[in-house]
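Two complexes, one shared chain (subunit A), two partners (subunit B, subunit C).
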Partner chain A sequence: MANNNDITHSKKYNIKNITKSSAFSSFTAALMAIFLGMIFGFIIMLIAAPEKAVAGFRFVLLGGLKRIGDVFYFATPIIMTGLSVGFAFKMGLFNIGASGQYTMGMFFALYVGFMMDLPSGIHWIVAILAGILGGMIWGFIPGVFKALLNVNEVITSIMFNYIGMYLVDMMIQTNETMYISTMARTKYLPQSVQIPSLGIQGSNVNLGIIFAILIGIGLYMVLQKTTFGYELKATGYNKFAAEYAGMRVKTNIIITMVIAGGLAGLGGALAILAPSAIAGSSMTYEPINRIAAAGFNGIAVALLGSSHPIGIIFASIFISHIQRGGTLASLVGYKPEIIDVVIAVIIYFSAFAMIMNAGLARLLMKLVKHDDKVPNNTKGAE
Partner chain B sequence: MENYIVEMLNITKKFPGIIANDNITLRLKKGEIHALLGENGAGKSTLMSVLFGLYRPEIGEIRKNGEIVKINNPNDANDLGIGMVHQHFKLVDIFTVLENIILGVEPNTMGFIQKKDARKKVVELSEKYGLRVDPDNLIENITVGMQQRVEILKMLYRDNEILIFDEPTAVLTPQEIKELLQIMKGFAEEGKSILFITHKLNEIMEVADRCTVLRKGKYIGTVDIKDSSKEELSRMMVGRDISFTVQKEKREPGEVVLSVRNLTVQSKNNKNNAVKNVSFDVRAGEIVCLAGIDGNGQTEFVHALTGLQKSTSGNINLMGNDITNASIRQRSINGMSHIPEDRHKHGLVLDYKLEENLVLQRYWEPEFQKGGFIKFDSVRKYSEGLIDKFDIRSGQGPITIARSMSGGNQQKAIIAREIDKKHELLVAVQPTRGLDVGAIEYVHKQLVQRRDEGKAVFLVSLELDEVMNVSDRILVIYEGEIVGELDPKKITVQELGLYMSGAKRDNIKENNNGE
Partner chain C sequence: MNTVYYLIQNMLPVAIPLLLVALGGMFSEVGGVINIALEGIMLFGAFFGALFVYIVQDSGLNPQTVLLLGMLVASLAGIVYSLLLSFAAVTMKANQTITGTSLNMLIPAAILLFSKMFFGSDGITTKANFFIREIPVLGQIPIIGKMFFQKTYLTVMIGFLLLIIAYIVFYKTRFGLRLRACGEHPHAADSVGINVYKMRYLGTSISGILGGIGGFFYSVGVMDGNVNGHTGVAGFGFLALAVMIFGQWKPLRILFASLFFAFLRTLAYSVSLIPFLSNLGINQTYYKMLPYVATMIVLAFTSEKSRAPKAEGIPYDKSQR
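Up next is the complex of A and B:
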């Protein structure tokens, strides 16, 4: 007699599954994507200046290690926007509006920093909370449009990136307490609103990175362990089934967008409230009518990390590492513009490779025998 | 020696935790209709997917006309003249019928698609075989029956001569089934060879020349249909005798559980009313069946009843509570269970594990969560219980991803979930679609047992046998109106058919003319 069912009911499925789990395969896929990105980055450096390419690329790869504090400091906002994009994506929403939410968060934090006079123990905390609030508002609006009017969140998010950016630039430029028009930037923030530093010499790294990592872990718990996470993922996978199961899909869409907005807003606050390594100064905001890059980097790391909070943390640190290393490549004579291009190529090519990964994996699968997986495109494989 | 067009020899295909095909041999003669029979999860779809190049077997070889061939992907299969209609169709919803048919083999000159030639060929094929389709309509707008004809035309368009049909009749109305079987016979007469998967023994007896039976991944045997019987086939398949009639005692219905008054529901496709002024009661301890030809408002009615769609006017009352505008969760709490018509769209989150799907309606109950955190231990224990009780078969038990399960076992998972949930009213829409005879017997027993426990059962079915066998009372729906209330013991199938086709109608008590 066949014994399929005996196998079914035995407990040994757990062990075998580790190597086959999706987290594991996402991880190897990400490594492969990064590897491809690196190769392309290197090719660009070769084209730009063949004789310096090896030395320059070495900086890109390893330079970050010498500036580990800065790597973490610059990773902080990317982690937050990455979590924002990844979290919304779990519900099937594409939050391309992380930039606007990030900028809003920054503005709210700045506003509290300049306009409110609070004791130094709580000033920065209130400013951070305000930043979260700012981002939440900017996530809430596209969420409501999506949930109640079924307007695609991508369109509203893009619009709100621009609205947010121009609005913030305008409000800062017209506020004399915040803005120095001769320098075209905000004034230095008071010490009381700067986040406590972690005390690494010559770097801005501060408590923010700890917050970001803790929040990433927290989100992971929410997604894996709570009924809210269960509903969220169910809706992302199949919103009809979620509705059938009595989940409040519309409310959940709004809540998800508010949380995503809050995460990106916190990223903005953490970036602007960071302590400066130079005494008596601070981070500043320059209203130059440009959409914050943090939002787009967030999309890249969310892709690279497969929307998995822990994956996003690592992807952000990696990207920050490449960026820091890249700035050092100018030591061997690369122009900053070339380096920017190389970094962008590495980041976006990696992210792109991740998208292509499904197709790529299928291709590889065909070459390998004993393929056990359902190809992604043949749904149900019945 | 016989001449076989296709031979699959000693095929073994494993999935994590399960051997889906264990040393199976199947030989197909030219011009025959060869049925493939087996319980849910026996490995039929897997075997056919191997032949179609979707899976590669670990062991075994495939021969065509005696020569060994390698089929590594569906394109290879196509080059060998092998085509397949899948259990769950693989059409692009937002493309037209024509675009779907030519997808991948578009005739082109220098990269520009030449739709005119394609259209001509499609129209010719469709006329020749009586496969009515509407070339310019989008897939998402056409009926399941027509979608299937599109899948068949896809094979014909590619000049396939070996045709695989994976449970083609599971989604069709009785009329469409008749047509399809006729078309299949026509193919065979023309010399095309057909592999036909179905759970309906009548269909096998009617069209097949031979039948191969699988059980739990293993080959049981191949028989000539003319020397065989339904009983023999089902015994080969499940290893015991199956009763085709439903045993049930007479029972007096109790209190009213569900009461529908003057319900009107708009159609999903246009502005007309799909359900018109429908009124009836369902009492505790009875099985009431809504019978009708597909597309007469059943779907809309069930959606309004279960909360997936709003009703235009009228009232729904469950256990004394007005639930006309209640949320789906509220209806569930008030005692409604719902086995949905479309298991992939509504019934399952295919990318969730089996255990996560088994608590889809109940994850929020204190049994499965505390303070918003899911109690995974309870979920696991509960799922293992259901899997055992309902014999849900899969490779990895509770942690199997629903998508990888066989179609019938997906259905069993839904049934298990809905029956086991506390309920007063069970709304079961085509609950036995895609199930093997053993599982059907089990589900029918379950429905009768709910009734005997004093629950109300509201069954929607297109299967006349099921309607006649299981129900205590039949309501016939025609063009959105209830045109007859019948006692299955007092009428014949023919009479029922007259009501369903609108040829006959009664005046029902609350039926105060819809328009």
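Up next is the complex of A and C:
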């Protein structure tokens, strides 16, 4: 009897060693959420136009593979906003303001691009740094409000999304060097301020994606190997315990928000400074009083990658991949907005996919050996 | 004096959606569920309300009847959408902020998708005319009649009626007391036999009703009966959250907070009509930022002694003590 028990226990530990790890459970949770989101998207396609649904869905799933350069190009800003949201999330802060920080970063980069005359080797570097600075400022404010005045960062960030958007739109519209009012967009940026292209034919993919991935790895190092990263995570787990242990929680909140803002700002800079595949043009910004979507996609990938920098990189590439696919699905008559719906559904499910998976695992365990008392052991998966 | 009349007449249709949605947020949060999804609920309600108006607009019904029926449709839509939040936040114990954010992201995309598929546009455009030039009898009262009962919408009166109902439910019924207990100390509430899950579902559903109606009233009073997937409800759901915090989760304070914000917003959009302000020559964008900046300033001063429900945002788990 006792022997028998021992054997089943050691067996269970073998499985648990893999399935119990948080990385594994968040990975399966992400897969589950993606799976459900995709099914939802397919159902919508079926309702909209049943005869074309399979062709359209194939575009969504595989279309991105044909435009791999564009997938990486469009993933770049999302990686940055995703890292921004994920980094703040590690500390228990919900940086919904990545949109505003992104817009600010973009404006600062634009400003350097148009208003400063620098040699072509360093112009784009200065513009990128300016973008980081712009985002940092816009992250600093919610940080201070949270740390010193105890204002919920969600509300502050949302308000500063609007303030930043109005401010940037106004400053662009009133600046004649930047803005063409007849076209309702910014002028083309000078060549010297555009980020060097990676040279893939017909695509705008540029050095930015390399920066984004390197920064993701760097953040992973910061979180895993530095005292600051440790304090940050400790504060995320239990703010009061961290404070009791002598960590400077308030300072760390501000630093975290400044870094998160800088990351999102860099995303904005990388997006606007990207080279254009069409010679003589550049990326442009249209000041139409709309909150940047990149910030919200950042939230999506941060959740999908469960705030892990490396996970966020892959999640961003995935989201960018299905977005490209969604654009291609318009070839058979589907609207690209379908992908935004799918992304929202994925986030909705990812919010409780881990719990759902744990429940599913328990159910499976029960089915496999219904005479064994298993439920106690699966709690770790939550 | 005409400027004052003008401002009040334009302010009230803006204040009512804020008021209703903030009240909705209050019901959800005093029950313990953070409702970031108000923006999405508003838009969902507005969309179905406007869709209803679009369908019946040629049937020759009285516009005010259409408005009342649209309100019912919007409130039902709001309940349905809020159930998605309740299910994730209460039953599945998911992170409430994340769930709310996903619900906010879903609906503008869904509206754009739907409208592009069926209307070939970015939203629903109705030709309904809900504007009331003058309410008989009441509109004749000197001063007050001109302020409140002329050039207005039926939404204003319904809004105040709903405020009174909300006040009574909140303070004077057993349900209101129990709901508040669930947001302050759910375990204590549970120990005296209150079903916390049910109460939280009810609280969030009420916020769905008020949010849906608020969204429809936004589309009636601010957008002339139209709904657009791009502009949505212009952050009113988020502003309503700020109004709710500013109002310290109390109905009457929320009324004053929403009037305050509506006043600032109306001012921002009518600068060119007020000689004094337009002579200052300040870019109109500054005025548009004013409600948001004011929110920040107000929150900075009120958050220290915030009376937020103690258990808000924490999923209730029976087995935890």
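The rule is short, and it goes like this: the second predicted complex is superposed on the first by the 315 of 382 C-alpha atoms of A that agree within 3 Å, B and C clash if a C-alpha of one lies under 4 Å from a C-alpha of the other, contacts with A are read in each partner's own complex, and residues count from 1 in each chain.
Quick note on the criterion: contacts are C-beta pairs under 8 Å (C-beta built on N, C-alpha and C of every residue); 3 or more make two chains touch, one makes a residue touch a chain.
Bear in mind the structure is a predicted one, so any value in this text is a computation, not a measurement.
K.L.:
Using the touch definition from the top, say if A:Ile355 reaches subunit B (first), subunit C (second), both or neither.
P.N.:
second
K.L.:
Is A:Val151 touching anything from subunit B or subunit C once the two structures are fitted on A? First, second, both or neither.
P.N.:
second
K.L.:
Who does A:Ala48 touch here: subunit B (first), subunit C (second), both, or neither?
P.N.:
After superposition on chain A, A:Ala48 lies in contact with subunit C alone.
K.L.:
With both complexes superposed on chain A, which partner does A:Phe240 reach: first (subunit B), second (subunit C), both or neither?
P.N.:
In the superposition, A:Phe240 contacts subunit B only.
K.L.:
So, A:Phe35: does it touch subunit B (first), subunit C (second), both, or neither?
P.N.:
neither
K.L.:
In the superposed arrangement, does A:Glu337 touch subunit B (first), subunit C (second), both or neither?
P.N.:
A:Glu337: touches subunit C, not subunit B.
K.L.:
If you lay the two complexes on top of each other, which residues of subunit A touch subunit B in one and subunit C in the other?
P.N.:
none
K.L.:
Which residues of subunit C touch subunit A in their complex?
P.N.:
36, 84, 88, 92-95, 97-99, 101-103, 105-106, 108-110, 112-113, 116-117, 230, 235, 238, 241-242, 245, 283, 285-286, 288-289, 292-293, 295-296, 299-300, 303-304, 306
K.L.:
Which stretch or stretches of subunit B touch subunit A in the complex?
P.N.:
Touch list, subunit B to subunit A: 14-19, 22, 41, 45, 49, 54-56, 58, 72-73, 86-88, 90, 166, 215-218, 308, 327-329, 331-332, 338, 340, 344-352, 356, 360-361, 363-364, 369, 372-374, 376, 384, 387-388, 393-397, 399, 403-404, 406-407.
K.L.:
Quick check: in the complex, which residue numbers of subunit A touch subunit B?
P.N.:
Result: residues 1-2, 4-5, 7-9, 13-14, 16-17, 20, 225-228, 230, 233-234, 237-238, 240-248, 366, 369-372, 374-375, 378-382 of subunit A touch subunit B.
K.L.:
Using the touch definition from the top, list the residues of subunit A that touch subunit C in their complex.
P.N.:
The contact residues of subunit A facing subunit C are 44, 48, 94, 96, 145, 149-152, 154-156, 158-160, 162-163, 166-167, 169-170, 174, 290, 296, 299-300, 303, 335, 337-338, 340-341, 343-345, 347-348, 350-352, 355-356.
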